[in-house]
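The following pair of complexes shares a single chain, chain A, combined with chain B in the former and chain C in the latter.
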Partner chain A sequence: MDSLHIYQNSYTFIVVFMFVAILLPIVALSAGKLLRPHQPTKEKMTTYESGIEPFQDARVQFNVRYYLFALMFVIFDVETVFLYPWAVAYEQLGIFALIEMLIFIVVLFLGLVYAWKKGVLRWR
Partner chain B sequence: MDIQTLLSFEWGMMAPEFTILIVGILLSLLDLFGKDTWKKSLPWLAVGGVGVAIIFLLFQYGHGDISILGNTYVFDSFAFYFKLILLIATLLILLMVISRTVQQEVRDRGEYLYLLLAALLGGMMVASGGDLISLFVGLELLSLSSYIMVGLRKRDVRSSEGAMKYLINGSIATAFTLFGMSYVFGLTGSTKLVDIAREMSGSLGSGEPVAIIGFIIMFVGLAFKISTVPFHMWTPDVYEGAVTPVSAFLSVVSKSAGFIIIVRIFWGIFGNATFGGSDTLFATMIDFIAVLAFLTMFIGNLVALRQRNMKRLLAYSSIGHAGYILIPLVSLTPVSLENIWFYLLAYAFMTIGAFMVIYILEQQKQSEDISIFTGLYRESPALAIIMTIFLASLAGIPGTAGFIGKFNIFVGAVAADPAQYILAGTMAVMTVVSYIYYFNIMVQMYIRKPQLEGTTKIARLQSVPLILCVAGTIGLGVFPFIALNFFH
Partner chain C sequence: MEWMMELLKSPPGLSNLSTFLILTLPVLSIVLGFVTYAILAERKVLGYMQLRYGPNRTGGRFGLLQTVADVLKLLIKEDTRPKEADRPLFILAPVIAFVPSFMVLAVIPYTESVMFANIGVGLLYFIAISGLTTVGMLTAGWASNNKYALMGGMRSAAQMISYEIPLLMALVGVVLFAGSLNLVEIVEQQQYIPYILLQPIGFIIFFIAATAELNRTPFDLPEAESELIAGYHVEYSGFRFAFFMLAEYVYLFAMSALITVLYLGGWNPIIGLGFIPDLVWFGIKFSILVFVFMWVRATLPRIRPDQLMEFGWKVLLPVAMLNIFLSAILKEIFF
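Up next, the complex of A and B:
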């Protein structure tokens, strides 16, 4: 089981990366704190909002329909993600991949039909 | 892969799965585009589909082992027998759904039906999965469909609460399962159960701790599906929140699928893995499962004593039963698998029957409290006697299917090597404890007087699943050898 040692050793990298990930913000922020001048004014203490003056509470309720549209978007997004590499490598993949893709598209199409018929695409 | 190899597989063996898939898609399309007059007959289409699938499956009785697409789908006797349980139980549950002609609590009746079929399909794929990935996808199809089914009573707060708890707990459990699978994959470099078993049959060497971690994490994750310790807490809330047929589905089909995947993975993979030179890895981990089984029986039966809500009571009793079914997993004998199968079959009939009686009473009295049984014998002697049969079977009184199941498990535990005396003893004691809460219902039915005068009638459609469940419970109790001979 030589492969096992490689398997276990590769966790060493993860541990190293974890330490780096934890240390990086701590070091950067504390170095910044030591170097920068500290002169707070009222303007500086407000929330930074791309230069615009903040005018509202940060927690806003969005219309739930955005959420449904986002879900519908994911359907097509995933479809593209799968279809694109398949189309590029079509020559090598052959007939089996074609059948698989057809099944995939039919299933997604059923989902679209369902959403359409249930009125998800209509903004009321 | 070219077209020749693709066509050379015996696709005909997947006929039951294809039937369920096609009927499910047909149902969803008819529900979307069909006329309202057709929609009334949709449940019968679902029942017909499951019936046809059972017939297809029965034709495969005694067929040799088959694998499709490099062991992604396997057909063996194990898959056959356990798929039969899943299909029969779903058929009974669909009949239960049909029995309620005026559907007030669930508006989306179409979804109700095809989600049941989708969940069944997931369970069947679990029974036939020969690859960790196809097992996992089947399990997730079952889980995701169940999450939605629990939340079908949209206007009910308890239903939403149950669905939310189920979803969150289920996601955590899924993460556990996948994490455990990743260890097994990392150790062996394959997701195919056959390859993993072959890879593990050699000496594991320094891989032993990794294999043990994978074993424990995967078992803990799968404990969610069979609602045993440590993932049992969701059960009462979810059963209470879901519509009663869905509770029955979770209690029987979902739980059976959980046991199927556990047997498939743990006996298939770890049953061959040598550990420390002599024993198999599974044999060394027996104590771990035994502790879980002990705790599950203990918690399920003791907490059930204090329940007033009938669905919560059955939920805790189902936790207890899951503990009993874990015993044959631990006490390895040649008849272990047979015992698990028989108990699951008996459990399907008696639990669905008990849920059906509750469903009838709940519709008439608008309550799920134990008081719905008060004076039932005066109101409807037939229903009281039928409920008595189911309770007797759940408690394990001789003459019923539950007794034979428990007896076989008990004998198996004592006869195993090493004998599991502690588990067998716990099972006996906990069975006696369970008498208290099962007989409490009987006291309510026979001795207490009804609060309101009146009779409870059983409609004709409601009697169909009741009669089938009574026939199954009594039939398996009096002639268990019919089922056991069929199994061999």
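Up next, the complex of A and C:
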């Protein structure tokens, strides 16, 4: 029963932390509204570009390499998640699981080498 | 402080909820106090390392009220919002950046009895929630509709993506030795040997990746003031900017506390010095780490984006994989 209560109370605590964290910016920014001046002019509301007249929209197409790195991230992140249950239960699993995981990491590493050779990891 | 454990064990209900709410407020004040003086300490440390004094006017010889004055100034500053910006997202971004930084503090055990949430997957919770801050930065960069801001936001995302994997892989070594994802159990396992001695490579990888996750020099590319002015928060002023700053320093707190818990043995004393209270031990280890983060900032120059990405993928990641191996073999042989 104790562990169930700890479980429930702990997650309640996390929700309370989240609530306080959301409340702080709301309170601070609303209180600030009473204190700070508000006189927007046309010049003040332009986009900052080191002093020159801003031109065009900033939302341009972005380099494809960001996408490639995002794909790599998804692959490796998911595979890292597989390592965690193994690490937690390692004591009970023994030498056989070690060899299995060795093979898994080698396969993972081969994937990295492949991406490396393909030039995905080059940032130019 | 035993009552905190009793509180966690008591049946949940509305009275518990209100107690939790009251308990969270001191945490908030401690964290805000830490941020205030961490900023001052950082400016002082940087100052002395560059052979100058740092702030020494506001609040006596040591500038003790400098940050307080800065915060008050930010509070009464006009809040400008560019016309081109996406209004709802622009307002939301500082909140998205700040909320996870405070949420992660819930799972850190400070001593045997001072802890808030004691959950089984504490470590994964920390890593998962802390990753969300990047969404705030990316949102800020996108919503500002400013070229510098967008570049800063994109860099922030790319950097987080690249350094999260070595970070996670370095942690596998700790999980392997502790056999648990619960942070309390991880500390209890380190009663005699802190994991920094068993996991020196893992510690170094984790420290480097943590510096990158914190966006601190030498990995402060999302802000890079000499090229992107201030990166993703270039359009923010007043208290909205303050929340980005706050999130950054709350993460410094959280990350230093996490490294203390994972590698330096948390509240466990050095053997023979058990008469010093637990909380003091935690504080000493924690402060040393905060100082090291500042030291690193004063020592190293910022690296280039291509060096950043290639270092993450070509050096840290293979070394982290190797570290998992070495840890597993070490554990198989000696434990």
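Heads up, the rule we're going with is that the second predicted complex is superposed on the first by the 65 of 124 C-alpha atoms of A that agree within 3 Å, B and C clash if a C-alpha of one lies under 4 Å from a C-alpha of the other, contacts with A are read in each partner's own complex, and residues count from 1 in each chain.
The working rule: a contact is a pair of C-beta atoms (placed from the backbone, for glycine too) under 8 Å apart; a residue touches a chain by one contact, two chains touch by 3 or more.
Note that the structure is predicted; figures quoted are calculated from it, not measured.
**Q** Please tell me which partner, chain B or chain C, touches more residues of chain A.
**A** C
**Q** A:I95 contacts which: chain B (first), chain C (second), both, neither?
**A** both
**Q** Now for A:H5: first (chain B), second (chain C), both, or neither, which partner does it touch?
**A** In the superposition, A:H5 contacts both chain B and chain C.
**Q** Could you say whether A:M18 touches chain B, chain C, both of them, or neither, answering first, second, both or neither?
**A** second
**Q** Where does A:Y114 make contact in the superposed view: on chain B (first), on chain C (second), on both, or on neither?
**A** first
**Q** Where on chain A do chain B and chain C both make contact?
**A** 5, 7-8, 95
**Q** Going by the contact rule at the top, pick out the chain B residues touching chain A in the complex.
**A** Contacts found on chain B: 1-3, 6, 25, 28-29, 32-33, 186-187, 189, 204-207, 210.
**Q** Give the list of chain A residues in touch with chain B in this complex.
**A** Chain A reaches chain B through residues 1, 3-5, 7-8, 94-96, 99, 110, 113-114, 117.
**Q** Which of the residues in chain A come into contact with chain C in the complex?
**A** Spelled out, the residues of chain A in touch with chain C are 2, 5-14, 16-22, 24-26, 28-29, 32, 35-40, 44-50, 54, 57-59, 62, 66, 69-70, 72-73, 76-77, 80, 83-84, 87-91, 95, 98, 101-102, 105, 108-109, 112, 116, 121-124.
**Q** Going by the contact rule at the top, pick out the chain C residues touching chain A in the complex.
**A** Against chain A, the touching part of chain C is residues 7-12, 16-17, 20-21, 24-25, 27-28, 75-85, 94-95, 98-103, 105-107, 116-120, 124-125, 142, 144-150, 154, 157-158, 161-162, 164-165, 168-169, 172, 175-176, 179-181, 229, 234-235, 238-240, 242-243, 305-306, 308-310, 313-314, 317-318, 321, 324-325, 328-329, 331-332.
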